[in-house]
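You will see subunit A twice below: alongside subunit B first, and alongside subunit C after that.
This part shows the complex of A and B:
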């Protein structure tokens, strides 16, 4: 018999990750080919390790003019294949942030109904360009995503290359230190994308282990071609 | 680490995988540690098992437990090293030992100060400490998310510290050493065969999260006054996504005094 204040529902802890990927036209060619080569490796690496797969849930969101859920939040051990990505359109950060907010809230409520207990979700934001929407619009959408009163607000890591703007990426990560990264000048996207996704795979695996270390947190990936964008420490 | 751990709720496939043998090891860091013995006043059972995650990675547990008694009074502690900090397991051991030693001479709050001092030198740890008198009174303090329960003889149970926020999103926890440890206190009178249970979050989280599976199984097992190895086997249960180190320490009192 349990105490009067204890829930009678069974709960299982999960750590949700949302990879938010720029698929605007400028990503065509080597960058998107790299994504399509690496995502199956991510599925294999995470999905085939039960100690990781039992905890990690992964979603892939793509954005250009609009944002789509390429892979709904999933247990990767149950996913047979991640759909291939194709490029189109411009770079609407607003569409990405709006879709993320909707998905996270929907996934949380759905998960709760199935007995999931969530650790704070992580968003991994990857872009090769500046936002093409009006600054007011993407900033408002971003503000809703990171609103302090919203309990599901995610931790965000941002990675940029090509035409991505370091100041914008720093804003996406709320100017938190070591959350926004940019590729060095002249670094080929064909080199960066595989390196970045390989680093992210290890980051996700390491993050799943941190669940048991008293401070579940997003572990930073190692991406040698990228450096942290310096920001003021606001915390 | 049996081939067929008890399954409470959805099974964990990871829990039945063969562990990776650590490159170095020894008795002090063995995957299973257990103790069970009595004085005239008290019966103690304690078990600590390495979690699935550490087991598969070939790593030792970061949990620890300790006890000290001076006849009628017994001090017991459980500590959970914060694994992201190097030396966590050793910090947990130092803090637990210092806490119980100090608690026989000083107030529980002062014992936390001793544990805080002992935790310095690398690593960080939670701590829950209980001091029990021969009359069945238990005074407890804790820092961090290790916790304590009372299990009554008829099977009812309650947690002695506030449980985590149902809506919490992270696992951040207070820990020692700290300039000003956030100490929580509780007290309880044990009577009628009630059992005091201290445990790390590897046990307490699934206990709370499994009210129809883990909780009744652990309560039934505890009330059966298990042998130390039976308690270890019970703590080594399989549950989907539950891969943390697990430590559980149980104390039964004999309020009428030592048996003749």
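This part shows the complex of A and C:
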């Protein structure tokens, strides 16, 4: 029988989530209002439950012409409030992917220095539009984010509504089944955003439970107004 | 053994006025009852044979005739099913199924008020981490690791489980997890167990009696799945299996480890993979500089045996924990604790003491090379036994994304020091009044005298050098 030592300092591996949110000008009005109403609920639901906060780390990245870290990767129990979001500019997917890659690498190294162990991070990509940067540019940035040789490459879930392009979202999730979702035609963004974030909160809470089983699983959010983007057949 | 038979109240779901949803789980949803605010209604998602719930209701209703003390303890410390609900689509009449059960609602004191003003159930998760982190996160003041309050909480749970074990038949809860075991220090240390409708009655040979008709119905059992919460489950039970009569014993040892140690000690995955587990356990120093919790105390042996996966049958019953924990609180070691040791420990979990420095920044250095479960000793300023803390007391300054402020650290440190001072003096008085511990009392009196003299001199110095010039003396 082999032996293992467990100390009072030993913590569970953490499950990092990066919410990557489109805040381009087209998100103005009901969509961004919905985001600003839901983010405090996300903080409360995850941060105020010690069993969930223990194993979940969450960051919020916003992107338009450029990408910002709205909330650095945090233990939400130690976060008083997530800053409000405002809209501006266009929709640079490249900026989002580049920022995500930088943040994940930095956060991982910082966490490791403090003795944290990570499950593979999850990126929740939310957009209401097509990328406004050149396809070569955002695809190159995306390629760096999902590069197979990069050990920290995240699992990506993508959610689109409004003018979002299903094919682009499928590419963002590397055409993996049940990773990209699109709102049904004509669905009001005012309805979609609260529904999406509510489902997302529940998915994060459910994912935290799987961490305690020693086998973290990314639980898909239930968003009734959205459907999974079908994966193409190979030619 | 004569199974207890007692009339079981049955309520039609149509006769209930169902209020707001209180909680939701895999097995059912729990609703408030506006007309019976002391009760909740748990509505099952899928049909559950009514006879199972009836057995549990009957078990407690019959207990006062054989053991009134145990009945009182269970009634006070557990949300035990008190009526079976039938009707509706899930428990339609004539099917033999229950739509749900009525259970007592956890008293308000088993909740915690966060800094944001909202109250939440006082789950065990608050206690299984560094209290400084919980203070920074939620503004709640919690007793330090290895404090009297934490030991007394576990003792309260052990008394309840001993009452369940002593019943005829005995009963196992089966899922003593963070969300099912609540705690309070408001009226002294207490624990309150919820979700008791998944409990199971056991025959003397350990076989389940679910649905065997204690209430007189005589229907066959259902083989109902009784899930255990991940991270609080019994690793001796195969995944997907139901808890055994030994599972509550494992849970009690695990809860002692986590609540008294104020840490998670994630051991189950290792135990499931067949590894021998060694736990490094930090113990603060007592007034005399030695470990507050003696590394040779029988409680460590109980804990190691209780956590064993190699030999679950050797896990000590809750009744063995009660005198040991009570002795720990009183500063005595019960003789029977030594006499009841059933031979050598299984050995897959081992406890050994080690002295380490006081933890800094919430993390204590871990001595390399140790391969066994060992209590560690921290400096007295960082913890120690102290009077009961109020979990709902306002906490330190509001935290931000950057973590606790220096001021909150200072306040927390002052609070811990004051608690330790009170504890030392309390122990001195208690020991001095006990004939068997008079020598310890004298030693503590000398220590307290020197401590107070030093504090007095520091106070006089501060007054002379700082306060007097300010007020013009």
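Observations, loosely collected:
The working rule: the second predicted complex is superposed on the first by the 215 of 235 C-alpha atoms of A that agree within 3 Å, B and C clash if a C-alpha of one lies under 4 Å from a C-alpha of the other, contacts with A are read in each partner's own complex, and residues count from 1 in each chain.
Everything below uses one rule, namely that a contact is a pair of C-beta atoms (placed from the backbone, for glycine too) under 8 Å apart; a residue touches a chain by one contact, two chains touch by 3 or more.
For clarity, every value in this text was computed on a predicted model and none was experimentally measured.
With both structures placed on the common chain, the touch criterion links A:119 to subunit B but leaves subunit C unconnected.
By the touch criterion defined above, A:14 lies against subunit B but remains apart from subunit C after alignment on the C-alpha atoms of chain A.
Of the two partner chains, subunit B and subunit C are each touched by A:54. After overlaying the two complexes on the shared chain, residue contacts for A:136 are found with neither subunit B nor subunit C. When the two complexes are overlaid on their common chain A, residue A:209 makes contact with subunit B and with subunit C alike.
By the document's definition of touching, of the two partners only subunit B reaches A:151; subunit C does not. Legend: residue contacts after superposition of the two complexes on their common chain; A:80 is shown touching subunit C, with no touch to subunit B. Contacts of subunit A with subunit B, set against its contacts with subunit C after fitting on chain A, overlap at residues 1-3, 5-12, 49-51, 54, 209-210, 212-214. Subunit B makes touch with subunit A in their complex at residues 9-10, 12-14, 17, 51-54, 56-57, 62, 80, 82-84, 88, 126, 144-145, 154-159, 163, 166-167, 169-173, 175, 201-202, 205, 208-213, 215, 239-245. The part of subunit A that touches subunit C in the complex is made up of residues 1-12, 44, 47-51, 53-54, 71-72, 74-75, 77-80, 115, 209-210, 212-214. Residue ranges on subunit A touching subunit B, taken from their complex, read 1-3, 5-14, 49-51, 54-55, 117-121, 151-152, 209-217. Within the complex formed with subunit A, the subunit C residues making contact are 114, 116, 118, 120, 123, 125-126, 129, 133-134, 136-138, 145, 178-179, 229-231, 261-270, 274-282, 348, 363-364, 366, 370-373, 376, 398-401, 403.
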